[in-house]
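See structure below.
Letters A, B, C and D name the chains as they come in the text, with residue numbers starting at 1 for each one.
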Amino acid sequence: MGVTKLAYQASQEEHSIEITNVQALEGLVKARMEKGAFGYIAGGAEDEWTLRENGVAFDHKHIAPRVLKNIEKPDLSTTFMGIDLKIPMIAAPIAAQGLAHEQGEIDTAKGVAAVGSIMSLSTYSNKTISETCDGGTGGPQFFQLYMSKDEKFNRFLLDQAKKVGMKAIILTADSTLGGNREADSINHFTFPIPMANLAEYGEGEGQGIAAIYANAKQTLSLEDIKTISDYTDLPVFVKGIQSPLDIDDIIEAGAKGVWVSNHGGRQLDGGPASFDVLESIAKKVNKRVPIVFDSGIRRGSHIFKALASGADVVAIGRPMVYGLHLGGAQGVQSVFEHLSKELTIDMQLAGTKTVDDIKKTELI
Amino acid sequence: MGVTKLAYQASQEEHSIEITNVQALEGLVKARMEKGAFGYIAGGAEDEWTLRENGVAFDHKHIAPRVLKNIEKPDLSTTFMGIDLKIPMIAAPIAAQGLAHEQGEIDTAKGVAAVGSIMSLSTYSNKTISETCDGGTGGPQFFQLYMSKDEKFNRFLLDQAKKVGMKAIILTADSTLGGNREADSINHFTFPIPMANLAEYGEGEGQGIAAIYANAKQTLSLEDIKTISDYTDLPVFVKGIQSPLDIDDIIEAGAKGVWVSNHGGRQLDGGPASFDVLESIAKKVNKRVPIVFDSGIRRGSHIFKALASGADVVAIGRPMVYGLHLGGAQGVQSVFEHLSKELTIDMQLAGTKTVDDIKKTELI
Amino acid sequence: MGVTKLAYQASQEEHSIEITNVQALEGLVKARMEKGAFGYIAGGAEDEWTLRENGVAFDHKHIAPRVLKNIEKPDLSTTFMGIDLKIPMIAAPIAAQGLAHEQGEIDTAKGVAAVGSIMSLSTYSNKTISETCDGGTGGPQFFQLYMSKDEKFNRFLLDQAKKVGMKAIILTADSTLGGNREADSINHFTFPIPMANLAEYGEGEGQGIAAIYANAKQTLSLEDIKTISDYTDLPVFVKGIQSPLDIDDIIEAGAKGVWVSNHGGRQLDGGPASFDVLESIAKKVNKRVPIVFDSGIRRGSHIFKALASGADVVAIGRPMVYGLHLGGAQGVQSVFEHLSKELTIDMQLAGTKTVDDIKKTELI
Amino acid sequence: MGVTKLAYQASQEEHSIEITNVQALEGLVKARMEKGAFGYIAGGAEDEWTLRENGVAFDHKHIAPRVLKNIEKPDLSTTFMGIDLKIPMIAAPIAAQGLAHEQGEIDTAKGVAAVGSIMSLSTYSNKTISETCDGGTGGPQFFQLYMSKDEKFNRFLLDQAKKVGMKAIILTADSTLGGNREADSINHFTFPIPMANLAEYGEGEGQGIAAIYANAKQTLSLEDIKTISDYTDLPVFVKGIQSPLDIDDIIEAGAKGVWVSNHGGRQLDGGPASFDVLESIAKKVNKRVPIVFDSGIRRGSHIFKALASGADVVAIGRPMVYGLHLGGAQGVQSVFEHLSKELTIDMQLAGTKTVDDIKKTELI
């Protein structure tokens, strides 16, 4: 407490990275990153059963190789929410990317723009909304809102999101309080660098996750969708959906998108693997609104399976942050490019020329 | 035999304990406790398949996270057998708690009362019925009866239970003889301190489990329910239920409660996981009498899943005893508080405000 | 070849043994026994998948503990083929027991008789039929016939079996050639002591398994049942049944008993676990003839599960031979007594008073 | 690049090899072979999930031992595509066998001919078509075509295949680009010796797999079947089938055979195990054309299970190449003989006298 704490040393790397597979980056990051930061990024809730199952679940369905389909150079581009994407994957809204890199969300936004995709910026970013958008290359961005008990702060955030031209608001619905993450507890982890939007608004540095969540609005309700939507005139995605039982309610309440996610296994341990619930949710959505899928994607084949199970795009979380740590904006770009390379091979071997072809594929 | 055996040194700790998760306490206890005592407490029957499966079984069903349910500060209180509880968990009736702590059941009762729950006192306690009730803080208690062949001893116990104001009798039905616990056999374990009720009645110290069980009444029958009930005028729970086939019989014979348990995997190895049979039993009970569930609970999510599968409350066994060993009454309290903290998070993330909401939840 | 080989040193132990569980004996035996002999006894075919699965399969069904059934001192006795047995388990016909003990099958027969059960003597024993029966204590015995291409040798064996009063002939039907056991191949295992019946008939010592099997009759057919039956006037069991498709044929051909076994996983690797096929076979048999079950029994609960799935008695193989090695006749007795102790506990806890009660139990 | 690279040292062994089981050869090869070459031969795509599952899948079905079927000396011969085979297994068309042995495909062809089976020669062989056929012993051969973008090269290959009397063309349909094999990427593997047919045609040595595949025709289509068939007047097998959905199309397009394979788990990781899809494909084929099965065969019991699930013959890949490395032509012969020995035992124990009997067997 009375000890002078050395300033947190984040990565300053700026270069493309060589990737065998994106999961293998985790070990490299673990060897370089401060233990508490790594625990916060890589860890999950409690026994990490749901975290592990998020990965295992992709083995529950299989892609049948198909032959003689006259395929060449599969096309990974897609249109999502009226935005043309070069790849069917976008950035997941990861908090506190300053832990991974000095340039934090600015570099992530650059990397994501370079691959022709969408940046998702968290409320709990280490760069402000305006920094990230100015620092980016003008690619499309979504803003992820963690609603505060302080309505003024919510409006402060939404005002800026609107001002910088965010294309959608992602309402974080699965995190009205923080998951029980044991690594953070064991490491007595507190954020070593300020949450930029909170700081700009006048709050601060050196908080634990508990302190951050202390201001979170717990009483999120269906009405919040309309409030945000009306206030911003932007489409609202509800993020953290894991049950078909929530679908009708949120669509009727005005949601323009469903974001299937269990927060990368960081919230409710003992919940199902995210991929295991995707198909039943997609059936319930029945194409009324688009679906983003995340939690567990580490391979091109995972992306293929998610798209074939009802997702319109997938979001990439930890691997993107590992790329950020190891190579800055170019590292982020390398991660998306590697996943694209894997997906391209899978598409070719599965006889699918386009993202729409993937969506029509029946897994076995 | 001719060797002077040193007196058993039980823990005298009296303080709250820091808990990452309650299962992790087992390792701490193992490192401190006399080997034979630890083997007796932690071990299960034969290959410990049922013991392990008790834990694994909770992964057979999952809690779907739910969103935008307008939940805040979930309420863990419930009413059970007309008793108001602050939490939906009670003490399991663990024998020989003097192995864990010098104050044994007295401290457990204090800790349990402090968290607003029910103490269950075993026949084979190291503190007498009156010591435990006097030493406690006046919280509600149940008495667990292991019936003896000696009817006089049974009446001796029930007289006291009634005298001190016990709220119910738990008839141990799954232990007419001891399970085949190999750790006890390998450690040549005998109880180093007297079973207090036996001692008070005039029996003694230094017995092996076999000797203790030698006096157990094996010919337990449905009639015993009525006999106990008539003699005490107290509701009788039958503990050790694992089959729906027993339900009609025991309810018709006068049981006022069903206690689903496989004795923590200590009796019949090769039996099912306790959680795996809960739902079918609850369906058979069909709310005619309340249900207590135990065997394998180590997480708030386990409690949630048990309540959602038909239990009215759960009972906590080994983790409670570990808390007792590590911190006395306050350690017991810490264990229940930690589980409550986990359950609170689960309730919030699952969109359940009350214990009744949990009971209405459909697991996936 | 030109090297003088030291005579095989078999065990000469003669005392009861302390048993925690019978599977644990395997490690003790491995540490004492000559490597090739141990490999022959303990090993299975190829990848030993079926061998391992024989054990795992018992976890596919569970014994539901039952309560308040007024049970005391369960009765393990049963009647099998008109023979009164004290326990529902008999000796499996293990070959070459001289590898385990100098007294070989003589001691096994003594031990089995002492526990009130049936000895099964293999054609490939290291003691002759007459030695085993003279050396035994007069308990009932079955003779297991491996049919030879030499009809004269078959008659030589059956003549003796009849002469000494064998109660039944077990026709080995699953071993018209030897399984592909890699341990034997790696160890270049040959039998270090003569097959006594072959030696008496005039064949010999120092053969590999291949040589032994070279004389085996491969063209076993349904007609052999009647031939043996007519020649001996004894009931014929067909051993090695794993498919319901064989049942009608063998019963119509005159079999008086079905012996469900996959030879302890020593013959066809990639076949099902023996316990997994028992129930469907028992349904097909439909009580027309009695059923013996073996392959994988290591616990009282396994015996319980086999009886509840259609077996009339079970046969004990490797554990019995381990007992023989470690303690001679008394060691054999210890093994059966230990399994009886476990089964007694299981019966008590499952609310079953008799073997017939077990047979009526529905596993879950 | 400027460094003089030592010439690749391939094996020159020429002798039969002792085999416990063919999978165990992998470790022996690994200890002797250059790392990059071993990685190329043994490795699979990405996480190697499909590679491992190819083996595990055989445990999903079981061979029921059958008794008293009057079987002796099972007959492994079969007729396939009008060719008499002594065994129901043929050579899989493995590329670059010069990595394993100096005599490469020549020795393989000799070994395969010696066991009375069919050699399959890859486009990417290290010996030319004419070398392999001249060097062989005149046994039947199939030619595996990897179609090039260069139609002239395709015709060059087919002209020779026809000229040397190949009996069929295997159209590789699952490899329009290379799988994502991480071992090759980690080892920076390039082929150290020329692809003989490319070299003869005028292309070369020292290429990575990527370079090889750069010339591959990606736009393979159903029309290619007819083109090849018309050009060569030979039956065309389509290799790499994993989905029943492809069957009608390829048969209607003129395919005279279906080759069920996932390229040994080297192409699309996340696809099903090859054995798991065999039965549904065979049902769809419904005997209109013959079926070859490969990917994962390591045991006689695997061959049995594949034949019982609809295959007419199986193809042996890696184990054959391991035999080639360890013993040249005789090593190849040893591998097929060992598998034949295992299959013979399985047939005897399963009560099947002929390959047709196996095909009629129902697995359980």
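The rule is short, and it goes like this: a contact is a pair of C-beta atoms (placed from the backbone, for glycine too) under 8 Å apart; a residue touches a chain by one contact, two chains touch by 3 or more.
Note that this is a predicted model, so its numbers are computed, not measured.
Put simply, chain C has to spin 90° for its C-alpha atoms to lie on chain D, with the angle rounded to a multiple of 5. Although chain A and chain D carry the same sequence, what matters here is overlap: shared residue numbers make up under half of all numbers found at their interface.
Chain B and chain C have Cα centroids separated by 43 Å. In this assembly, the C-alpha centroid of chain A lies 61 Å from the C-alpha centroid of chain C.
For chain A, the set of residues that touch two or more other chains is empty. Pairwise chain contacts in this structure: A-B, A-D, B-C, C-D. Chain A makes touch with chain B in their complex at residues 46-47, 49, 173-174, 176-180, 182, 185-186, 218-222, 224-225, 238, 240-243, 245-246, 249-250, 253, 262, 267-272, 277.
Considering their complex, residues 20-21, 58-59, 62-73, 299-302, 304-305, 341-342, 345-346, 348-350, 364 of chain D touch chain C.
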